[in-house]
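Heads up, the next two complexes both have subunit A, just with different partners, subunit B and then subunit C.
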Partner chain A sequence: MTQAREDTAPDRAGLTAGRAGAVAPRRRRHYSVLTRRDKILLGLMVGIPLFLDLIFIWGPAIASVILSFTQWNGIHGLTATDWVGLGNYEKLWSSYAPFWEGVKHNVLWFLVLMFIATPIGMFFAILLDREMRGSRIYQTIFYMPVVLSLAIVGLIWQLQYSQDNGMIDSILRGFGWSTPPDWFGDPSINLWAALVAASWRHVGYIMVLYLAGLKSVDPSLREAAAIDGANGTQTYLHVVFWVMMPINTVIVVVTSIEALRAFDIAYIINHGKNGLELLSTLITNNSISEASLIGFGSAIAVVLLTISLVPIVTFLTRIMREERE
Partner chain B sequence: MTATTMTPSEAKPRKSIRWGRIALYVFLTAMSVLWLLPLVWAVYTSLRTFGDTEVNGYFSLPAAVTLQNFFDAWTQGDLLRNYIQTLEIVIPGVIITLLLASMIAFAVTKFSWRFNMGILMLFVAGNLLPQQVIIVPLYRLYLALPVPAPFSDNGTLYDTTIGVLLIHIVFQTGFCVFVLSNYMKTLSKELTEAGLVDGASVFRIWWSIILPLCRPALAALATLEFTFIYNDFFWALLLIKTGDKRPITSALNNLQGEFFTNYNLLAACSVLVAIPTIVVYILLQKQFIRGLTLGSTKG
Partner chain C sequence: MNDQVTRREVLKKGLIGAAGLTVLPTVIAACSSSSATATPTMAPVATQAPVATQAPVATPGATTAPALSGAVTFGSNFSDPVPKKAMADMMAQFAKENPTITVTMNTVDHGTFQDQITSYLGGKPDDVFCWFSGFRMRFFAGQGLAVAIDDVWTTLSPHFSDAFKVGSTGDDGHQYFVPIYNYPWAVFYRPSLFTAKGYKVPATLSDLTALCTQMQKDNIIPFAFGDKDGWEAMGTFDILNLRMNGYQFHVDLMAGKNKWTDPKVLAVFNQWKALMPFHQTGGAGRTWEDAAQALVKKTAGMMLLGMFISASFQAVDAATLADLDFFPYPTFGTAYDAEMALDAPIDGFMIASKSAAGVAGSNDLALAKALISWLGSGEAEVIYVTEDQGNVAASKDADTSGYNPLQKKAATLIGAAQKITQFMDRDTRPDFAGANGMQNFILKFVGNPSQDLSALLTQIQAFYDGLPPMS
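Entry: the complex of A and B
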């Protein structure tokens, strides 16, 4: 951290010195090494990717907000008569039942990942953060689902959940349950079934992130706590957990974003319908796959955008704070 | 040795530690089995014939083990075509993303501009957005952008390989910029300055000094990005309409419909699609972990 401070301080004077030349003539000479060509080149190195980022990500993000105030169907050009003000939002709020279903499911998705899958991942990390034989093998196994696409995860779990052919119902039938549940088909339980699949993958992800954090904790803190007579659990709860606050933030951010992005599993199971409505699937189903209600779908996208700004801003604030230190 | 020096009072805690160890191993092993079970079941299902499972049920010992389902899935699903599509997106995708990201990271960490922080934030935030937030306007944009014949059948960016390649590059650049700028900050500034004093162009400094030093980070990112792009389901699902043109992961959407009646084939197909990332993971596990760690702890 101190090194970073030393690095940035003279440097900040660096390029600005080019402009405020009179103040620091020596620095200016130093930086005049950057030729005109270099400056253009640097501009291009940043400018081209920045241009693409603005056109293909931020442009559409802003366009979503604008389109959400219209009832554009995408067939003819956008005209003044398409403007409906807050009409789409009113409809979402009051007369479109799947929207609230979607909100509820995204919230549940977040709660299950955050309060069940994430703690399990942290717990695995704590268990594996010690000198023990086979630690690597366990890590490899727990992390394995993370390298799979969520679409594959959905399919693999379809093989487990299938009423006729799946592993789970075969076992249940073995125990004498003649008509075991249709896990992915029954709208009252399929969200939970999908969450088991999503958690199977999320646990390993959190485990790896957290394990890296645990390894970076200064060992002398643990030694000090041990000298003070704290046992492992106490050391973790009173010292390690708090030292790892930056990682904890990352984990909350990562988990929230995973929950907001949830799409693939629901889509591969049943296109995100019939108990698996999510904000993400409602957007694509309304505006691309089936209907062409661009304005209406964009209003859902804006809701999703607004919610996701919370974890995004949290994360950016953290980066900026660290940058300043 | 230890037994002779151990006093009775010491023996007790050691014994409890040993029991703790055993409990730990039992728990972790049980969890590992639980974690592997879905994968094992998928492989097991894929190795059995439809006739066998029809008669005996899925939860039974196999009458015969066969690789036939893999051949059938491969030919009936015409998977080779989709794997080639994947390669056409993944290989240039990873290379171009890393090049662009390293340029940006180089420019914002080695030179101070007024907007450095802003640029970094823009890229990072863009990568964190849920893709669905931008998909509707992006889809319209793709339908509107003209692309000449060899690259597009319909004259637009929609339903083209380069369209999907492009959005991957733009989207993934954000993550790579973040990781690489964290990494480059740890490299001494003097390297750049010495290069400039010696009269090297910024291009030379980026290419011949900074990039070689970033090799560990680039290797880790290349591994991660390979799986990120390979595993993409969403972009290609919505930006490519023709099933033949979809990369393998998105093609699962059609294949699932095709194989729905035959779970052995569906299992074989899932295993085939899962194999490349699992192999890369097992071979390059260190790179994976390092990539994720660089993205989280040094931020």
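Entry: the complex of A and C
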């Protein structure tokens, strides 16, 4: 039996492996590092989530794509008469005014998160990286909003922004402004009000991600820069930022996803209307409501899916390219 | 050694944290607003009505078979505290009178129930469920999601006026709905404020305009106004259209037979624009509850709303509720004044086809019919409206001696109306009246009444035309 043991010598699973590997022929072309039990375990660990993923994510996604070509209202069964081909998309493009409002607002949401909220988060992370006194307290304070669900965030900011009872307008009235802005009712400013609430949360999230990345930067790089005579800002801009490229990619993707996913705050405020239309609220108001225009809502969902694929595919190709290198 | 976290510390802190977390939901529930504006959370609560051991007592409206026994499920959207308790009391009374029938009531948040109605009725609904009259009812009846209850109506017919029977009939002529109560939309005011300032209740439009101008001089906001949820302002449109163009034009407009670009509709919007300066500013960002507070605090003089506004007054104290009165919207001197039309939405119950009760001839169907006809009886309705005083019972048999003055006046007003409508979001397609439809258009108008109204109406008509056919 020494022959069998030699054959399975590279196996790290130990003595039981000999029995599991059974009587393998001597001239096997490759060694398998994994025993059969390992393979079964791995199969289950990958297979079950994959199976659930196919059923709960891929299945409905493909069903949505198919439904977007129909006019199904969810009540009777799907029949051939419901098929409209590209009719929903044509309607979306040309005659559904809230759609373009939603696209515009989603784009604004993305721009604000990407170019205002994320840099602020990164800036806080850089400041906190200096390990000043009380940095733990500041971290907790900035990270608190992230822990809250977006529904709670919406509720908190509703209390702040309320016209009659909110803190902000009460303070403004105290300063003599007799008709302070109607933060939620005025369509020209309510998106910005919602964005402040969303950024409040997003800043903490980015800060923690970036701080983790900063902590992993090799200190010898900073020392080298210091020796070369660089001050803090120069060290960051010329050395640290470039070393953190993988983290930067993560942050860009996270921000894009958060911007496309924007829903909760707008929905909590006023169900996504009057200046707070977003693609996600349009989907909800069309499909998952009494209106039950499931075909039409699915068309909007497919549009959102297509837009979302851009950052996701970019991210994945970059990751896979790095792995191959 | 001392800065290592010990197991005991983790357990201690974890337990305190968990205890804190259990308190949090009640704090949040206390902070959040109620009813239609509540955060959309699905919280079905099953409550079992107690089964008494006495023999069943025959009540007007209960079916005649005393041997009926079994379980029936009831889906309720009466989620606010006062309606929820009133409904629970009704169920308790039903259980007392029908000890062999067990009712399991599932209460879902009011707004969520409506939003999810399609998947609810198409999936596994309860046997009996709460719903509204109007297009909303006829639509689901037409889709085959409700069971026709003509036989229940043969017993109930003498107890309801014609208006209620019409409101319970589907497009195919069969009855699908049993009403419990309705409530009027009228202009509410506080008599003490009117007496103090020497105001008189306006009877005509010119009286109303004069009164509003006077109120503004006295630094009182004439009309409290909140339209954040989008549906509140529909009441104003409805009543103006009813007064200016009559019931038939309004109903045809809701059904899509008249166009929104019709000059008559433009006239309504222009009239509304003329009245807007008398309304509280910032209405687009204010809920009706906050607007009602202006009426409670006497910073506003009047508010056009449904009788459910009495809940805001009841919440303060009985004296405040006693100081609440209403008058019907003033007449405009048109031919339609005689109709005395108003919005008086009817709430009630239906039997779901896809539930166990949907199987013809089954015991579940018999039980559901027993429950639904009992719910339509005067005795049952009185239990409800005694506690939830913002409504008036639908049945003619209901004992009105327990009504508060507001309810008595409402019953008279509704009784005297020749024509009753159900309110815009119940009279027309939900996708048209919904968040990205009329709610949004009306909010746009309210935000800027001086915009080009013809252009807005063209947009509304284009939106209506773009909706898919109601299959």
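Note that in this section the second predicted complex is superposed on the first by the 271 of 325 C-alpha atoms of A that agree within 3 Å, B and C clash if a C-alpha of one lies under 4 Å from a C-alpha of the other, contacts with A are read in each partner's own complex, and residues count from 1 in each chain.
In this text, a residue touches a chain if its C-beta (ideal position, glycine included) is under 8 Å from a C-beta of that chain, and two chains touch if they have at least 3 such contacts.
Computed from a predicted model, the values in this text were never measured in an experiment.
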item	value
Touched partner set for A:P98, first subunit B, second subunit C, both or neither	second
Partner chain in contact with A:A212 - subunit B first, subunit C second, else both or neither	first
Contacts of A:L42 with subunit B and subunit C, given as first, second, both or neither	first
Which of subunit B and subunit C A:M245 touches, first, second, both or neither	neither
Partner chain in contact with A:L159 - subunit B first, subunit C second, else both or neither	both
Touching partner for A:N73 - first (subunit B), second (subunit C), both, neither	second
Partner chain(s) touched by A:I268 [first = subunit B, second = subunit C, both, neither]	both
Partner chain(s) touched by A:I288 [first = subunit B, second = subunit C, both, neither]	both
Larger contact residue set on subunit A - subunit B or subunit C	B
First (subunit B), second (subunit C), both or neither touched by A:A226	neither
On subunit A, positions contacted by subunit B and by subunit C	74, 151-152, 155, 159, 162, 165, 267-268, 288-289
Partner subunit C, residues of subunit A touching it in the complex	71, 73-76, 81-82, 91, 95-98, 151-152, 154-155, 159, 162-165, 179, 182-187, 190, 267-268, 270-274, 277, 281-282, 285-286, 288-293, 295-296
Residue ranges of subunit A touching subunit B (in the complex, touch as defined)	4, 7-8, 11-12, 14-16, 30, 33-35, 37-38, 41-42, 45-46, 48-50, 52-54, 56-61, 63-64, 67, 74, 124, 127-128, 132, 134, 137-138, 140-145, 147-152, 155-160, 162, 165-167, 170-171, 173-174, 200, 204, 208-209, 212-213, 216, 246-247, 250, 253-254, 257, 260-261, 263-264, 267-268, 279-280, 283-284, 287-289, 294, 297-298, 301-302, 304-305, 308, 311-312, 315-316, 318-320, 322-323
Sites on subunit C touched by subunit A in the complex	28, 31-32, 39-40, 114-119, 121-122, 136, 143-145, 228-230, 281-286, 290, 293-294, 429-431, 434-436, 439-440, 443-444, 447, 459, 462-463, 466-469, 471
Touching residues (chain side subunit B, partner subunit A) in the complex	21, 24-25, 27-28, 31-32, 35-39, 41-42, 45, 53, 57-59, 100-101, 103-104, 106-108, 111-114, 117, 119-126, 128-141, 166-167, 169-171, 173-174, 185, 189, 193, 196-197, 199, 201-203, 206, 227, 230-234, 237-238, 249-250, 252-253, 256, 263, 266-267, 269-270, 273-274, 277-278, 280-282, 285, 288-289, 292-293, 296-297, 299
